[in-house]
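Report on the following structure.
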Amino acid sequence: MYSHAHGQHEARPGRRRRRLGLCGGEFLRIAANHPHLEIGAVTAHSNAGATLGSLQPHLRSLADRVLEPTGVEALAGHDVVVLALPHGASGEIAAQLPDDVVVLDLGADHRLTDAAAWEQFYGSPHAGTWPYGLPELLHTDGTRQRDLLRGARRIAVPGCNVTAVTLGLQPGVAAGLIEADDVVAVLANGYSGAGKSLKTHLLASEALGSAAPYAVGGTHRHIPEIQQNLGVAGAETVRISFTPTLVPMSRGILATATARLQAGADPAAVRAAWADAYADEPFVHLLPEGQWPSTAMTLGANTALVQVAVDAAAGRVVTVTAIDNLVKGTAGGAIQSMNLALGLPETAGLTTEGVAP
Amino acid sequence: MYSHAHGQHEARPGRRRRRLGLCGGEFLRIAANHPHLEIGAVTAHSNAGATLGSLQPHLRSLADRVLEPTGVEALAGHDVVVLALPHGASGEIAAQLPDDVVVLDLGADHRLTDAAAWEQFYGSPHAGTWPYGLPELLHTDGTRQRDLLRGARRIAVPGCNVTAVTLGLQPGVAAGLIEADDVVAVLANGYSGAGKSLKTHLLASEALGSAAPYAVGGTHRHIPEIQQNLGVAGAETVRISFTPTLVPMSRGILATATARLQAGADPAAVRAAWADAYADEPFVHLLPEGQWPSTAMTLGANTALVQVAVDAAAGRVVTVTAIDNLVKGTAGGAIQSMNLALGLPETAGLTTEGVAP
Amino acid sequence: MYSHAHGQHEARPGRRRRRLGLCGGEFLRIAANHPHLEIGAVTAHSNAGATLGSLQPHLRSLADRVLEPTGVEALAGHDVVVLALPHGASGEIAAQLPDDVVVLDLGADHRLTDAAAWEQFYGSPHAGTWPYGLPELLHTDGTRQRDLLRGARRIAVPGCNVTAVTLGLQPGVAAGLIEADDVVAVLANGYSGAGKSLKTHLLASEALGSAAPYAVGGTHRHIPEIQQNLGVAGAETVRISFTPTLVPMSRGILATATARLQAGADPAAVRAAWADAYADEPFVHLLPEGQWPSTAMTLGANTALVQVAVDAAAGRVVTVTAIDNLVKGTAGGAIQSMNLALGLPETAGLTTEGVAP
Amino acid sequence: MYSHAHGQHEARPGRRRRRLGLCGGEFLRIAANHPHLEIGAVTAHSNAGATLGSLQPHLRSLADRVLEPTGVEALAGHDVVVLALPHGASGEIAAQLPDDVVVLDLGADHRLTDAAAWEQFYGSPHAGTWPYGLPELLHTDGTRQRDLLRGARRIAVPGCNVTAVTLGLQPGVAAGLIEADDVVAVLANGYSGAGKSLKTHLLASEALGSAAPYAVGGTHRHIPEIQQNLGVAGAETVRISFTPTLVPMSRGILATATARLQAGADPAAVRAAWADAYADEPFVHLLPEGQWPSTAMTLGANTALVQVAVDAAAGRVVTVTAIDNLVKGTAGGAIQSMNLALGLPETAGLTTEGVAP
């Protein structure tokens, strides 16, 4: 079989749309080399009529593609539709698409099950929940999220920071080895996560040679999504201090996430729990003891590299997870879930080899 | 009056010596423009005989200086001697210097009061404790460390990461607003902190475009020093999960440090406590509410820029502190303490203007 | 004596104004530590009423300054006025200032003597020529430009790229050792040269990990200014292929400029010519043979570091010059010229020590 | 059919070997996803016995591979052998391999036809010439180098800088539009080109925020190789001023190469010549008029992106070429030539989509 993939390119001003602009481009980069995909319509709003090469010249095989106006007409006749829109916009379009079309929403609209949490962090009505696109998410019954993605026709792709923090901590939650009620996560983030939004603090002259935090103090929209995932993995109460920091790299997330070792838990059991959780995962790898991940190891690859250690003196388990925010963090993860939805090999079109150094 | 400053440049292999090599160079950079200093002998070990310009060509006014062999002869006749040596070596040299000479140890030998902690983290006999060179350190009696530095003749310069984390958290400890028994600190560190050690992971090809942690899980030697400082500020028990991460910048430390809000504490009291602690400090500034520090704001300056927020949902106080690891973090802080020791204006030769963007 | 310095901050949209915004900030950074300056009014257009700290938080000693509306009222009563305006705007304001006020124009309006060249490259009427603020510029009569700056009351500050290329090549022109009719210059430029203009190609996500040229093929406005300077140094005809390239650093210009060795010239005479030209210069240094400049050596300093070599096989003299585009390239050079104009020591308030590594 | 690929990993000290170490790793990264390759023995010298994952953890699918000692035994039974050795070492090993084995030499030993030029720049005896692995190289008879690579069993892979400069200039040489006797090329180079050599100037702390030249003044070993290629394309005399500059990125070469427009040549013919030369090339693309290449556009891809302009005032044609030095510049180019040698589709296993932003 073959499928058509469709990436949307928003062009109205504002942070969200631009970030998704990048996601759309990255989806096309991977899709262009996917053995089972044929790229159909590529649409945009204000950029409709332009060639893709004029906007994303690194996608050589698609350089001559002319962007079509976004709309149901352009989307008709595809097996897969990728929505990269500002939040609030995807539900409306999805409703107009046939039920048997696989719709991947790279935005946040359909990730949360808790409408109150949605409204608190996004300030708009909840658009409903779609199957959550993190195949490795652990469930308390021992199953994994991928079982819910096989044959799915609507998929909510996770947030990039959420993927990194969830993969780092969930083995300890599922094994009852860490307390989830006082998690602290600090992330080093590349600038591509902020997309093409034209803001002074995103300029190269401000970014080069500097590190700076943002959304500090419990305001980041990824917080409820992390709470939801760790809840699925078995945590009763999840409280998290979450601080992302922009550092001078284009891609990558390095997530340092720590939680208290469960009272009475055996520190010696920690490593085994993480090893068991990811032993058979094609894209999530626990590194050999003593080797710590770097974001460069994952550049351009769909991998999440994890390491864990017990700090007995501090009474905490420390995990570090590295991903490429645009691949495993967004477009690659989306294709992994799409593969499951379409009944393709889960790894089709995705690489585990990072572009390093 | 005037003084002679002396910077040592180690040349035997190994991480410590090289890092100190940078510290020595940075001390000379600032000293060269200090109104009350005249640079005397500049010494080295294997590099003796070379010109400073061949090793540190950015120091133009000293380019023709020939490095003398390190030894008591070269050090004789100076009012100030700066030791930038591998740990274990400074005590021996200091013992041979007259008591009235101001000796600044940029290394770790004389920072810790707890000999057991020293031996646990450094694996060598404790060399004794010198007055600690962090003028802003708060004491439970309401005084500050600078009172102990006036007229001092031996000064232990703090570790760079220690300065950042201590300045971020101590107002909350001193005011009894945060619990110090479960502190979590994650730092974004520039590569100059690792100095000129020739190691593969410090190569530009590995560093560029990548973020990576090191010394994870309670092993970093700066941990007992942070515990000591927060103890001086009033904490009974200090436990800290400390994770430094290398990010692609040459200079700078961005320290995100968080602690639980003390049970029953008034969140509204937090900002006032930090503001009071630093209201009169010439180099440590609490930024206006809502403005967060970046390392670029402190580049080349002796400033530490701090911001604090309360995350009520997480029950934690979050602080972010930015410094230039080689200035406020090492050489600038050393000169600030030296100014106090010599009875000079505390701010002499030091700037608060960062080289940004 | 003392003087008031005044930095203007434009706020209307467009590349030029923003770049000057940076220049204005950098002028204040240096002026804040100048022993003979007192900073008077700091003005802006759309940012009037804001604190300087909200826009340029790295300037700590000026953080509470409130920006005044730009106008002759605010400028009254100062001994020095710095204009950082879009080209075309400075002449008008300067005309309203008393003749005895030192006016430094950081913009391009008054640099060129050739009105036709001005109109060709800038597309607007020529505003007239002011004394050119490059003290080291060689004249065919053996004098240097600084003689024309002593006591000057109007000074046109050179373009940053122009300063780098001129200083690299002029000794060979003045000594008749190189042919100026086929110069090739390629520059590696930091992003601060583009200022705070909000353009997609200036975003960190685009810049990090990438190098890209701009203004290729004879279109850059600095070309006629380089031709003018090499003419002053003695060249009859100057033709130059000039290509700037943006590389992932915030500050710095590394200018590689090459010209054919004059037919019959003695290659052995080349080094001596460059050494003689800069032997007594406080800020322009020919490095020892075999040592090549890097931009980091000049970060934050008013230095220009030069090296020269003869490529006999290619028949060309190759020069490499490193400067900090915002210091020697703009604000530092402006203060150097201002010192001459005010009869102060030429080096007052300026450092030769770079902030490296 | 399938083939075994073999990458050597040198471990003795010295710049050359380490650079090749990177090349070896990059070859494996691409080969791991090549549809017609199966990776056989991977060998090393001092690292023999180590896992590949401990040295190059970004290559996840090969992480458990144990490096075998380099030697004919390990190399036996492979269809393809890749040599990544210090120059001087590959000829000896190649001589021991069967004639029907495809041997790819990533080193310089067999690139030059002129033994005298070899000895001048490499200071060792010439090891003989192998078919040159640049498929797009133009010949005066209208053919291209790829015709000589079909069925070849020994291939000399070009130098990375050589590939960039040759592809930029050869269309003008072949069309008689530019004079090759006064070429000037200045390159912005990422640090991965210097590999893992442990040298101070390659440290991240020195590289970040800085640009610096190396091998200035006609000393770089790639010069005779460029001269050879432009000669093959039709130039009688080739003289080139060649200056590489290290800029703060891990990968990428941006080559600005300029030559005088041939006397009497029609500037309007320039663009057509470049367009014709690359119209049918799968990996070398002339960008649309006005769009200039950046290295990020080629990251991880086997593409070379070229743009050309005529600077009438300077009388020069300016070309800018961007490549990934480790892909089209080395390992990707090697696989492209290998595909031709093995009768596989020339594009097998190679992508044209860059990992950007």
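Per-chain numbering from 1; labels A, B, C and D assigned in written order.
One rule holds for everything that comes next: a contact is a pair of C-beta atoms (placed from the backbone, for glycine too) under 8 Å apart; a residue touches a chain by one contact, two chains touch by 3 or more.
Since we're looking at a predicted model, the values are computed, not measured.
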Joint neighbours of chain C and chain A, given as chain labels: B, D
Label of the chain whose CA centroid is most distant from the centroid of chain D: B
Centre distance in Å when chain C and chain D are each reduced to the mean of their C-alpha atoms: 38
Distance from the mean Cα position of chain D to that of chain B, given in whole angstrom: 45
Contacts with 2+ other chains: residues of chain D: 22, 192, 205-206, 208-210, 248-251, 293, 296, 299, 356-357
Residue ranges of chain B touching chain D (in the complex, touch as defined): 22, 190-192, 194-196, 198-200, 202-210, 248-250
List of chain C residues in touch with chain B within their complex: 22, 29, 32-33, 53-54, 56-61, 63, 192, 208-209, 250-251, 285, 287-288, 291, 293, 296-301, 303, 305, 351-357
Interface residues, chain C side, partner chain D - complex: 182, 184, 186, 188, 205-206, 208-214, 216-218, 223, 239-243, 245, 247-252, 254, 256, 258, 260, 292-296, 299, 307, 309-316, 318, 320, 322, 356-357
